[in-house]
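Pasting the structures in now, so scroll down.
Shared between the two complexes below is subunit A, which has subunit B as its partner in the first and subunit C in the second.
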Partner chain A sequence: MKRSRWDALTARQPALFALILLVLSAVINFIVQPNMFARETLNSNMRVFLPIILMAIGQAIVILGGGIDISVGGIVSIVNTVLATRVGLEGSPDEMWKYIFVSLLIGLLAGAINGFFIAYLRLQPIITTYATSFLYAGLALFILPNPGGGIPASIAALYRDSTPLNLPLAFYVIAVFLLIWLYTSSMRYGRFLFAVGGKAEAAYETAVPVTMVQFSTYVISGLMAAFSGIAITMLSGSGNGEIGGPMTLNSITAVVIGGNAMSGGVGGVAGPVMGAITLGIIQNIISFANIDTWWETLVKATIIVVALAAPGIISIFRRRRS
Partner chain B sequence: MKRISISPPVAALILAIVLFLLSGLLPNGYGSDLEVAKAQATNILRLAVFLGVIAAGQTLVIISGSEGIDLSTGSVVTLTAILTYVIVNGADEKVLLALLVSLAVGALIGFLNGVGITYLKVSPFVMTLGMAGVVTGAIILINHGNVSGKVAPIMTRLIARPLSPSLQIPNAVIIWILFGILMWLLLERTSFGKNLFALGVNRVTARLSGVDVTGMNLATYALAGALSGFGGFLVVGNTGVVFINLGQPFLFPSIAAVAVGGTLLSGGKGSYWGTMAGAIVLTLITSLLTTMQMPDSVRRMVLGGTLLILISIYGRQRALRQ
Partner chain C sequence: MAESLSARNIVKHYGGVVALSDGNLDVHAHEVVALVGANGSGKSTMSKVINGVVVLDQGQLLLDGNPIQFASPQAAKNVGISTVFQELSVVPQMTVAENIWLTREPLNQFGMVDRKAVNARTEELLALFEGTFKTDLNPDSSVTSLPPDEKQIIEILKAISFDPWLIILDEATASLDSRQVQRLFELVTKWKENGKAIVFVSHRMEEIFRIADKFSVLRNGRTVGAGNIKDINEKQLIKLMIEKESVLGFLRGEAKSDAKVEKEVSLQAENLTTESLRGVSFKIHKGELVGIGGLRGQGQRHLLHSLFGDVPFSGTVKLFNKEIHFKHPREAMKNGFALVPGDRAKEGLLYIRSILDNLLLPSWRRYGLPLNVNNAKKDATQTGSTLNLKMAGLEEPVSSLSGGNAQKVVIGKWLMRDPQVLLLDDPTKGVDVGTKAEFYALLNRLSDEGKTILFYSSDDEELVGLCDRVFVVYDGMIRTELAGETLTKENLIAASLGVAQHERATP
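Let's turn to the complex of A and B:
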């Protein structure tokens, strides 16, 4: 008996399941929140989802390359505190743009530190980025021990309320990153990335610059975390040294719901983007469905576990039948 | 080229002793007062017990390989601590029942992790992460804001107090030593232990040599859950109070303790002695930073930096070029 069509399909299109989940959750959300696709609602949802989407894109690249990055939350916190303390509520837009540039450099540097230890010193990714997550989160708290500071309201409004052509700003940002991914993944770098994530030793033997590719994934992840930090700062308009911490594990869940294999080499970036949106929508549904507050966490976590386990359950049933 | 090598557990232990001796020179250190030094050392050792026991299950799943990890540890600790607290309710005769319930609940959660990982092919990282969410949800539901209960006098006597007035060794330390011997027997003197290492080295060869990989995987995660449950029982016996975030602070340190103790995070190689030494080192560093009255931010940075240095020394993976 040949492999069932579902298995073949999901093997070729890892993001297919993510798309099904996204559509399903969007439909449910539409039922509990009928004005979901109205411009205002769509925009207010997407601007909340964007930081985690950006983070998930970086996380997806790292996981594709066979690693994991637990320090992204710390990088978000650093960027947030730098922007909130250096620009300030009364700052000029010029200052803001200057420090956005600085933030991106911070992200690159933080990612490069991770990459150096993991790719060049060959330390294990999970424990290395766990250690650097303490460094980064500590630094963020050092910069801003208590929540406060902020960015000019005009800049925050730019992020919150821009809807060019009646579409949320977030759509354009996502589209830009997806196009960049589409381009790079079709180039040599993309093939190298999948090769390294699939089996680093084999890739090394076929002259793939494994170390360089691994290093680059963490730099990209750091950069994406910086973008995420900028987005969340513009969303909240204020500074909080612990803002990024809870985001890290969400970004990993988003990547896995998006159909990428944790072991690397399988998946893409579109799936994780859909995964991140799905996570946001699930949260939305729960807050709209009038679920008892005491039940909220349990319901949300159960939905996520079922979503994670669903591909496995489906293929078990398929195999039974065939 | 032959390099000088000390086994990681010994290295970690030496490090702990050196750090402790150096800490005497700190402004708030024990100085030349031997009694204070002894009291401080015993206290640190006593605190290390809890992390050490909780990291035991982590050691098992990490040795089992295939990206094995248990992120549900922290919430299982909280859950079983709360259950113990409620069941015992101040009565000595209920302690045994509470212990059994803690072990059983932990084992059940671990077993569910194992089912998701083995049958539904969810990666351990996300499966246990999702399970952590579900358990946290259950805790919130059970807890409902507050729980009423009490720790029994016999638990305090057996866990928190010293052996006898003349011999100031905390009972918890004695329990830990016995526990360590049992763990050593399990890993080195039983077929379970041998199979576990075989699993960690290579699942395919393990299966071909007749190891029941599926059964072993289920048993490992169930056992890890039960050990976390035991950890929760011990923790509440020491603190005497429960709260919703009781176990969470143990989660990542439990992984770090395993890594610092020289167990390969990729599996197949390691020991519980190493984890014990790792738990002592981590507890020591944390409590030193607390005694030095550093702000939280600096504490995190130093912890992250130290961890990075520790794993740089002996956490390195094999080079790509063989």
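Let's turn to the complex of A and C:
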């Protein structure tokens, strides 16, 4: 009886593992860096984490719908290079806002291309987005072959130093997106998303618009990647055609740690957000504890393996017992 | 609310296979129509035509006398036609309430799903089956955690949740217990009074005679009879389901069964039990060709797979009086067992690999290290010609072969190991008639050579024509054993349906 209650709890709260990891890593971080909750430190951490968090939100939606998006890093790179070359260090804030809008359109378009191939032409998500990731990354390098360019310092400062009510700007951004998720997931769309990711044939027989839902997840993911690209550009203040590449895998890791099933249909967005923060904190701990950076890879990898293997290991133990 | 639906002269092909050649059905409000027929007679296709899951090739659907076409399941739903699918259409990861109301969730003024309303309405639906649940079933239960019968009930509730006028129950009672069936029938009676129509697809004679008002019989894709259930009895109904003349011209080897008597027992099982088998015991002799019959999914596959060490079981199995208990197919293979699985694309073949690779997959070890590919090729070529395998070359991928030839590769890969015990899981499914005949000849030859063959088939005719004996499996047990004069199609179908065995079939 106890066991089934635990099952029910983990089924309803797939993010529990992420929460435990988050608290654990935060405690360790607090030990090595006692001022971590001071306003300045918190803000400087959160503004670094935010781009991955935004990307992980989009990735979470795609994975919930039964797909995966490997092209998000490329989209970030495009957005970064477009902003850095079109606005420039001397650009006006008006230019910046204009190109932020353009960036979002780029994200939507890139996501729509992925979605078209996957949902309408029924190509495999992992192959398709792997292919388009080169397309997008190549485009970014075409726009800006060598690191350079930038955005006005005033805009960068707005992102880096805003702390309304003494809280990091990132908190507000996260809160907004979580609220949007809470709302959409309680609409019919949310049910469709879980049904398509859970068992697409059953969803089809129940007259769920499967293709539309799949398409939409890639568009959302592209849009979130664009937000992520805007954030990382404001953070760095400059352009680099390869900036997004390493972020892709981190976004997938965040989703896995966040308790979403890679097969789709299980999880949410809050878990992946916590997962992304946890990843950032681990990086923090390692740089503060003065350990070699390969530890970071090792720790991350271990967490992923544990997160992925946990359900299998549990079921093996259960079989033994019965 | 509509009054009647008619299907007229429906034709439906799946690729080259004709599922329906002349399907007809009439359903009116206030009545329950039983749609009956043997395995593969087209019942499921018929219900899928009516509910818009498949698009018909020829023929006509009439709603209240007016022609109508369904391009999708949604189109059929829109006119009030609802289906309880045999392979459930529930999403396991979602809750009971989420599944039942999927696409029809009540929304509040902000477009959000009104959880309170959803739960309240789900409670109302669950109340219909109150008292028959083994678990503490509530709207928030996750469907994965439910036993099969309760999943089936959720599927039923989902189908009736939008108050359809026509409900198709496709094998809906197969996983229900008697109390749940009783409750369902009470509901069916009530729906009938309220002007609904029900199509009841079932194999269970007892249930058909209990609940149906009318019947419609399909045989080989044609509707061969329809009428009032009170004008017919079980025996007559079964007779309608059976083919009159045999299409296939194969026969058992002349006087073969006589020679069997003194042969030694090769394979013996006592009280074999698995998840879906409830104590199966049998003895098979050397050189005997034994069939396993019965409705689909009664445990036949588990029987073959447990003998092959693929599915854990309890009980005793003896091969030539030596106890064996395989825990892995590897052990079974070492002892001369071979299994031709039921799903050749998934379990039987590496589809994109070459014919050579597939044929040699179980026997590569024999060709040394490094592999003697030339010898391997020679052997493969020989097997290919024994089987009369039609191919462009050994290097061609299996995916280039037709269904029948692909199945030959599955059998060939085991023949290369010269197995002593051959287990076959519906090997002629989706195989053309010519290849079927070749298979029958091959099986006859193998049994003459002294191989022990255990052969599950969903084709009743094949079992009757080919096998020395047939075990009819029903609900995880060998219900009836048919041999010699009792091995007739009529008896086989009657036993499959769980009907007490009739006295010998009238000629």
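The rule is simple: the second predicted complex is superposed on the first by the 284 of 322 C-alpha atoms of A that agree within 3 Å, B and C clash if a C-alpha of one lies under 4 Å from a C-alpha of the other, contacts with A are read in each partner's own complex, and residues count from 1 in each chain.
Just so we're on the same page, contacts are C-beta pairs under 8 Å (C-beta built on N, C-alpha and C of every residue); 3 or more make two chains touch, one makes a residue touch a chain.
All values derive from a computational prediction rather than experimental measurement.
More residues of subunit A are touched by which partner: subunit B or subunit C?
B
Is A:P145 in contact with subunit B, with subunit C, with both, or with neither (first, second, both, neither)?
Touch partner of A:P145: subunit B, not subunit C.
Does the superposition put A:Y218 against subunit B (first), subunit C (second), both, or neither?
neither
Figure out whether A:M262 sits in contact with subunit B (first) or subunit C (second), or with both, or with neither.
first
Looking at A:A202 after the superposition, I want to know if it touches subunit B, subunit C, both of them or none. Which is it: first, second, both, neither?
second
Just checking: does A:F194 make contact with subunit B only, subunit C only, both, or neither of them? Give me first, second, both or neither.
After superposition on chain A, A:F194 lies in contact with subunit C alone.
Once the shared chain is lined up, is A:F177 touching subunit B (first), subunit C (second), both, or neither of them?
A:F177 contacts neither subunit B nor subunit C.
I'd like to know which partner A:R122 touches here: subunit B for first, subunit C for second, both or neither.
In the superposition, A:R122 touches subunit B alone.
Intersection of subunit A residues contacting subunit B with those contacting subunit C?
Touching subunit B in the first complex and subunit C in the second, residues 201, 204, 261 of subunit A appear in both lists.
Hey, which residues of subunit B end up touching subunit A in the complex?
67, 69, 116, 119-123, 125-127, 129-131, 133-134, 136-138, 140-141, 144, 252, 255-256, 259, 264-266, 295-305, 307-308, 311-312, 315-321
Which residues of subunit C touch subunit A once you look at their complex with the stated criterion?
Per the stated touch rule, the residues are 53, 72-74, 77, 85, 88-94, 98, 102-103, 105, 107, 110-113, 115, 142, 145, 158.
Which positions of subunit A touch subunit B when the two form their complex?
68, 117, 121-124, 126-128, 130-142, 145, 200-201, 204, 210-211, 241, 249, 252-253, 256, 261-263, 294-302, 304-305, 308-309, 311-313, 315-316
Over in the complex, which subunit A residues touch subunit C? Could you list them?
Within the complex, subunit A contacts subunit C at residues 4, 7-8, 11, 183, 186-188, 190-192, 194-195, 197-199, 201-208, 261, 265-266.
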